[in-house]
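Dropping the structures in below, format is structure tokens.
Look at the two complexes coming up: chain A is in both, with chain B in one and chain C in the other.
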Partner chain A sequence: MATLSLRDVKKSFNATQVLHGIDLEVNDGELVVIVGASGCGKSTLLRIVAGLETPTSGQVVINGRDVTGLEPADRDIAMVFQNYALYPHMTVFGNMAYGLKIRGMARDEIARRVQAAAEILGIGPLLDRKPKQLSGGQRQRVAMGRAIVREPALFLFDEPLSNLDAKLRVQMRAEIRRLQRRLGVTSLFVTHDQVEAMTLGDRLVVMNAGRPAQVAPPMEIFSRPADTYVAGFIGSPAMNFIPASLDQGNGSARLPDGTLIPFADGPRPGTAGTPITLGLRPEHLEPGDGPGSIPLAVELIEPLGSETVVHGRTPAGMAVTARLNGAFSGERLPVRIAPAHLHVFDADTGRRLDPA
Partner chain B sequence: MDAPANPVALRAEPVRDDALLRATRRRALLSRLLAHGALILGVLIVAFPIYMTLVGSTHDAGTIGRGDVPLVPGAHTVENYATAWNEGGGRSQTTPASTMLVNSLIMAVAIALGKIAISILSAYAVVFFSFPGRMLAFWAIFITLMLPVEVRIIPTFQVIVDLNLGNTWPGLVIPLIASATATLLFRQFFLTIPDEFVEAAKIDGAGPVRFLRDVVLPLSLTNIAALFVILFIYGWNQYLWPLLIINDRSMETIVVGLSKMIGRGDAQNEWNTIMATAVLALLPPVLVVALMQRWFVRGLTETEK
Partner chain C sequence: MQRKVIFRGRILPIALLLPQLAITFVFFFWPAGRAIYQSLLREDAFGLSQEFVGLENFQDVLSDPNWVNAALNSVVFSGCVAGLALGIALFLAVQADKSLRGVTVYRSLLIWPYAVAPAVSAVLWLFLFQPQVGLIGRWLNAAGVAWDYRLNGTHAMILIVIAAAWKQVAYNFIFFLAGLQSIPASVLEAAAIDGARPARRFWSIIFPLLSPTTFFLLIVNLTYAFFETFGIIHALTSGGPGQATETLIYKVYVDGVQNLNLGLSSAQSVILMVLVIALTAFQFRAVEKKVHY
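Let's look at the complex of A and B:
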């Protein structure tokens, strides 16, 4: 088993810098998910670890061995590709065995490993088929099998679920997680899907424009996002952001219309009147009239079955999303801000402001 | 169901526009007739000369010599073909068709296989390796497409003669092997091979030669077959170069030999033997196309991935 560390990895394509110095430590047996919008550099980072791209500077260290200058085949890694990259003219067995065959492994040892992997993945009866004869989920499994038989130090997943339909994706997601736990192989998983990231990762790296915006376990990312980018990216529907300023000895936020919202967990650092951004998740807007409630003019209702997402506007014209339990219909929705769930960010830098 | 869901739809009889229906049928029939007419005309134009050759090869020399154009087969089939096969036609120069067929076969197969080997390797280099001057190399190959063989035939002849390769198989085949067209076709095909295969192979530890042998070649099989058909016929039909480089009658190819049979001047041509030889010359390409048709069509139309 193995650890992975990235030390100040930078990458530029000609004049464009895509990675601005990434540092990351992945512990033995850990599954770290790199998540971010397209173009944030997450795939490039994975390909640098795989050895398919060369970093402009920095080091890739697997298990204490600097592999930065090594070929992919010599790095003791296995990779699952987005479109699986199964060789179409080889059988499932051939695909899984190919890497071992090149390594010069004995025939019966190859057969044993492939059989074992096929059993784990439940693709034993498919070994003689060609990839063309398989369904999407089966191909996905074969791609995983190809990685497993190598018994590598490190698994690399490059958006392996994005070619599957929604239902299968959920199923394979759970399967990958179980398998990774069972084999205990250190893994790096790239995705743009935040649900995948939240459910799969021991830790998440949220990438933004070539920098890691936050590296933390999923629930910490959700409950204490480091900046407005992470706050807006993780969670669905996205967090509401409301401009405000510090007031009352920094113990409250003053909204543009003058409403005061006290912080439940104590005053923030900074001078009075400092502009801030309040973040509030849609599920933390409580419906109900009363003092301090905001009447929303309802623009769109999305019923999801057990809950309803309501898009509305405040009297000041700001778009706000609320998530309610059960059904809802109507033109007006008064909501209250629950101070206990308030996130406070610096309006200029976007960084999270914690109580002093 | 006692209450129909949509009572209006059940009650109203759909209106049939008979005039429009008839017009549509008439148009469909007309376009079918037109299409078939054009196709049949095309087949006649192509097939009639071949039919004449076939019929001509079954008469004796006198019949055609008199200027008749017979349209029904005659009675001299076996002897005409036997003469062509064993002795050859023409008055002064005779090479048996059997020898010429073998020569043509050697030349055509060597050219086709050589072209495929060279162009796969050069296309592989241009597509899968990045090296300085890659695009330059590609364009240099591509530009030679613009030059017909005839333009460079004199310098090529000079080179081959200086190398003492006149009247030899290498001298006949090698200058015809370099192929910009096949390189271009393979390049276009290789470009459709997803990058992920290359990357998966890198992670599997397959070097360039292994990747070529284990992945690229198996994927190119249909393309290779299709190109083989085209290049075989190209090789078979070579005329000018074999005419220049081969003087030895025992190495004569059938396309060249056929034209040499037709004498100029007063001498009477043995048209019956010439036509029999022509039919024999026609057979190998036809056979190659017929046998490889399935592969040929697949290779040109379908990309297997």
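Let's look at the complex of A and C:
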């Protein structure tokens, strides 16, 4: 059982700063997902926790012990790599036993632990095989097994599911979640896949250009994104952003074409005329005529079975995506904005504006 | 994946194969056939008369204590050269794999010796180890070691081993470095996280994963030391002192070219040929089976 604290962790490669001061507290038994686009520094951060990279400044504290200067071997962690990184010349048993042998554990204890882990993961019959003879999903399980047998203080996952096909990925995702719950091991999971992040994490860290844009539970990130980056990154299809300005005692937004949209939850801080960005998820655009309705010229229809994604343009020429229940066909789609689901962001900083 | 190319008629495929077949025939089958034929004959030193003697030459060779001595020399020499060349090359490759700065310069410097002609490299080693004028030779003598490879057979052997290994290190280095670079970094990182220190990582992960490369190089090095070191031995010790550095290949030269005993020399060549074929066949078999994982 362990906690992890990152204190103002910074990392530069030569002149390029990739991490700009990360602070993070991971509680005992918690699974925190670090999610972000490629190059946002999420893998670097994980490697710093693992001890494979040295931070330029800042501290990594595991269970109250500062491990910043320690070798990976001395940190009591286990890591699952994207390409599994199994030892190709060892059997499945050898792969899982390697770390235990190094620690000088007794043979029967090693065998017992490997057997137990293999049981949990359903790879018992594979213990004599070499990694080459395994499928992707089985390799993934062996990599997990290698981490489990060590009974480490901390699990680190570096995009472990991205090499699997879609179906297996969904299955392994659920399995990892179950396993992590069952073992109760504090975990850090890096991914670029927002669905993985949402479904796996107790909390998410959304990284943007080396900074944590928001740290919160998945549903809070979805319903109250801290800025336009988080809002656009989480949710599929991505949120629509519409430029507007504050009006009517800051209680409404005025669109460029003059339409007024009242805020359902009260006026925003700022002076009238302040440029803002309105965010609206595609599923919160309701089809329907009437006052305040925007007629979309349909450009592309993507039927997904139970729902349909419609890409269209407003009369002002702005691209807007709507997600409708059921099927849809036609050239024109009038939609209404549901004010209750409106997100308001500062147009300059991109930060979320909450009612004053 | 097998691609079948179908030619109309027979002339074109034969014409395409002909140059290669001609080269193989002229430079291998013909001389090899001559050697086998010659090994069954006894000829006087002036080449005036020949006599068919069957396998008598082989009998003479195998029962000749000088030949047995040369065979032992060859084994010692080849073993030392292969061991030294592989060991040093592996060490250097591991170092080159670590540091990234200036690695290209370091790498090309290490590859140079391979381009040096055997005679030139021999002269270079002479300048170092000659007891009166050689840098290291003088230093050794000053330090109280009675170093003289012209009198001491062991010294002579050490000298040709060093000179021959030095040339082969470059070749081995290239292969080891390529082998090291093909080991995924994440596997080594996983081992580090599993608690393995660098030495343990080397012996339990890197070395086994390099084993196909090592095995290939071992065969190549043995072949090199056995058959391609004539130049170095000739320039440095000429097989001496006594016959302390006379290897099998050198003895072929001495018996055939110096003593003009063509039958005996041919018989030795045939024995060597069989050895090469056996070694190569063994390598092919082993590579097919794959030695590692």
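Definition applied: the second predicted complex is superposed on the first by the 356 of 356 C-alpha atoms of A that agree within 3 Å, B and C clash if a C-alpha of one lies under 4 Å from a C-alpha of the other, contacts with A are read in each partner's own complex, and residues count from 1 in each chain.
Note that in this section contacts are C-beta pairs under 8 Å (C-beta built on N, C-alpha and C of every residue); 3 or more make two chains touch, one makes a residue touch a chain.
Computed from a prediction, not measured in an experiment: that's the story for all the values here.
Engineer: Is A:K130 contacted by the first partner chain B, the second partner chain C, both or neither?
Structural biologist: A:K130 contacts chain C only, not chain B.
Engineer: Just checking: does A:A117 make contact with chain B only, chain C only, both, or neither of them? Give me first, second, both or neither.
Structural biologist: In the superposed model, A:A117 contacts neither chain B nor chain C.
Engineer: One more residue to check, A:P88. First (chain B), second (chain C), both or neither?
Structural biologist: Both partners, chain B and chain C.
Engineer: If we overlay the two complexes on their shared chain A, which of chain B and chain C does A:E71 touch? Say first, second, both or neither.
Structural biologist: Both chain B and chain C are touched by A:E71.
Engineer: Chain A residues touched by both chain B and chain C?
Structural biologist: After superposing on chain A, chain A residues 50-52, 71-73, 77-79, 81-83, 85, 87-89, 98-99, 102-103, 146 contact both chain B and chain C.
Engineer: Contact residues on chain B for chain A in the complex?
Structural biologist: The touching residues are 194, 196-197, 199-200, 202-206, 210, 214-215, 218-219, 304-305.
Engineer: List the residues on chain C that touch chain A in their complex, please.
Structural biologist: Residue positions touching the partner: 184, 186-187, 189-197, 200, 204-205, 208-209, 211, 292-293.
Engineer: Which residues of chain A touch chain C in their complex?
Structural biologist: 50-52, 71-73, 77-79, 81-83, 85-89, 98-99, 102-103, 130, 132, 146, 150
Engineer: Which residues of chain A touch chain B once you look at their complex with the stated criterion?
Structural biologist: 50-52, 71-74, 77-79, 81-85, 87-89, 98-99, 102-103, 146
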